[in-house]
């Protein structure tokens, strides 16, 4: 398959999907995380348990939900619980293997901001806010983050810390007694960053086909650490690409019925 | 109807049933409270909402349940909730008009004991314990207590305070910030005691037909206060007695199927 | 016992200027008809409580009903921003909007605490985040047994909660199913409540352990067919995702929003007329 | 993912001497078959946690399996005393039994806290009662917002929870309905879990919002038809009230209890054989 036959966003989604272990329970946010999680379920990880904060557990939507509580999520779920139960018994209960988050800003220790750009009280851009993210970030056993790579997003200092990653690095997360082990990978449209095992600083460990480490460093707002050996990920397989595109096409059709 | 045509227990149940206002929500314990509540529902108070701690709300059993969670309670209920929800949202939530408790011992301020006779660590009789009673006694807007009158039950000092009545009397219950207003009547097989509006000490205010105030005083383990005018309650009506006996007979038959 | 009322009567009777009000429904069963009626009746200075403000609070805020917003995620789900909310926060238009910002877990805990008659709720949350810096209603306490640090939030106790459900019976018992969100908690936490329903039926036929609000904990029940549009009512109609996308254009500028508000909400008698006017606008667009 | 096992295998694999174990079921769906199997396998020094010990713990205590009991109401419902429990508390027979005594609200709160991953739970309870004098696991805390005094109890975190349910599917997803008590909380609070079920079916066909335990939060699922006898399974068989009454006579004296235990539990292979032996005893009584 020629290189130009897929987009950087597709590669990002596919790279994220590949990180999902079959059988894992996944707490999924809307957008890229939802696309990656469903792609995984429709390819190599059919036993993945998808959980949305609306209370739907073990859901199997045929199209990507536009909202976190679309009807199909409830119709195809193993169980539908109330939102307080979802946050208390399921997320806080420590039952979720993997949380999957997006972000507007991320720092070198994978702390994220989805609240405001600028000053909190006089924002230049008001973002949607926390939603379920702070407790997904702390209570899931492990967290994946996906967002597009840019200096605006990968910042030296967050304007607002919405959800805790590895805090100030090192053992600062453990000292704060946050239950889960925090972000284990950040998947972007350029490559994958993983926290250094000791300092917890995000380090470039793999790039997408055709992307150079230099390009990733250029698009990061702090002096990005680069692993001695940076792997290049395999390009999307035909099957991955076909399943993702069919999913996106089904989704597009489903969400544009006439008002 | 001649006087001897009903028992003291029947009169007690009927007197208790008469205190239930139509439309009230009732948190009901097993035994006498359950009999009185169902009698009320089958006579003057058809809109009474019966709630059992098993999670059944608005239940309409045809026979008295032997246990607090009999199947018929669930089958005939408006809603069946989990036990944590029952105690949190419904009882503690302050939604219940009237709690209805039995007791092994009661003191002059309507505090009750259902835990032990004798020393807690070396009991002469181990009773079942608290169950739902402590929070029924504190969280319902109002509480009725029914038990048979005797010096063994109406004691000068409880062996164990399981559920709070008016504590040490006066405003001691309010000072403790207990949410409900506490016991408003104690219905026995001899008559009815109500707390003095100021001191909160239980006072004999009415007797069953044929019972004298002296007899009630004799059967009470402290010097019982007697109201200046003690009313005599009306004897059971033909209808009350018929409905109660039919209920008891249906119950007896239902609970003695062969093992 | 719930009274079965027309929606305008219920809003008239139960929602007052200055009230703290929660219109809940987590994506599903959002009580849009009730929100519109509050706009029509020109309630002012409301404190709006809701996990996801969604279009319903964007409309109430843009219409000038709100003085304060208590929330945890303020976007147009799957689409983008809530421009009326942003305009109020960023520019104070049409009037300044105070915000009290939580995470979902904190909001859910606060509703559950309210339903439970507790003054506060405890959660393993907010640790390490900047939210407590800007919200005095997030504190930290210690477990009296282990010494662990946990977050605490005061209970939500709205003056009025409004939710939408699928069915009520003629006595006012309410049944809902599907994504049930925090609706039950929000109703039980409130001093007064209004439930709009798709239909009033003779018998609920509720399955065992389903989400039922008995009549005696509900204030008013109002039949409003389609009353959750453009959100959805499972078993009745799907979410109108196209309208959610269209809202992006309607709400982005003050002028287009105001024209939409005047024509479709202020210019209509009730929710049926609103939907008809929306249909006509689409037909002749 | 839950493994579908025979009950004796599951008890063998998941219940160990010295465990803290919760066999829950509020009147309904009490896992008697599992309790008998624990007796047959001679587990010792168990800490038994349960709101209402009921006959199931009376049997376990009388059989010498228990070192401690954590409970909130210890009677034979509608009948009277649990004599084996009383004999253990009052006379240390067959061995001393430590007790930790709560009220129902405290037990329910402790299970919910356990399910919620919190170290403790808060309730408006125990105020004015003597229970905190004898139970160090009841403390009082202050609301950080209002200063109100509230009770706190540590979370229940059993090593094993065992419950009975109506159905599981072949993947081990569990469905229960009717009086569901604290079963879901007890399973979610536990480190390991066993669910006995009336039947294993191809499809659960669970109604919306019903009480479902997904396979991946359950340890073992064991088909045991009638496994809740003499309690009941809604939709399958009623409570055997007559047996509850009969237990009064069986359990009152050590000798009659021991004969019953030897003959019907120790002398039988499994729960099917137990019920057959009980039937025969009744026939020829």
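For clarity, chains are labelled A, B, C and D in written order, and residue numbers in each chain start from 1.
Throughout what follows, contacts are C-beta pairs under 8 Å (C-beta built on N, C-alpha and C of every residue); 3 or more make two chains touch, one makes a residue touch a chain.
Treat the numbers as computed from the prediction; the structure is a model and nothing was measured.
Enquirer: Would you mind telling me which chain pair, B-C or A-C, is linked by more contacting C-beta pairs?
Expert: By the number of C-beta pairs in contact, the winner is A-C.
Enquirer: Starting from the mean Cα coordinates of chain C and chain D, work out the distance between those two points in Å.
Expert: Centre-to-centre distance between chain C and chain D: 40 Å.
Enquirer: Using CA atom averages as chain centres, what separation in Å is found between chain B and chain D?
Expert: That gives a centre separation of 28 Å.
Enquirer: Send over the residues of chain B in touch with two or more other chains.
Expert: As it turns out, chain B has residues touching two or more other chains at 74, 80, 88, 92, 139, 179.
Enquirer: Would you pick out the residues of chain C that each touch at least 2 other chains?
Expert: 112, 117-118, 123-124, 148, 178, 180, 184-185, 208-211, 234 - these are the residues of chain C that touch more than one other chain.
Enquirer: With touch defined as at the top, which chains are paired up in contact here?
Expert: A-C, A-D, B-C, B-D, C-D
Enquirer: Provide the residue numbers of chain C that touch chain B in the complex, in ascending order.
Expert: Those residues of chain C that touch chain B are 1, 112, 115-118, 173, 184-185, 188, 206, 208-210, 212, 214, 216-217.
Enquirer: Considering the complex alone, what residue numbers of chain C touch chain A?
Expert: Touching chain A: residues 26-28, 51-52, 71-75, 77-79, 81-82, 85-86, 89-90, 101-105, 108-109, 111-112, 123-131, 134, 148-149, 178-182, 184-185, 211, 230, 232, 234, 238-246, 278, 282 of chain C.
Enquirer: What residues on chain A touch chain D, complex-wise?
Expert: Interface residues on chain A, with respect to chain D: 23, 25, 47, 49, 57-58, 74, 78-81, 88-89, 92-95, 139, 179.
Enquirer: Which of the residues in chain B come into contact with chain D in the complex?
Expert: 30-31, 53-56, 65-71, 73-75, 80, 82-84, 86-88, 91-92, 111, 115, 120-123, 126-135, 138-139, 160-164, 167, 173, 176-179, 254-259
Enquirer: Please name which positions on chain D make contact with chain C in the complex.
Expert: 117-124, 137, 139, 141, 143-146, 148, 150, 152, 154, 177-178, 180, 207-211, 234
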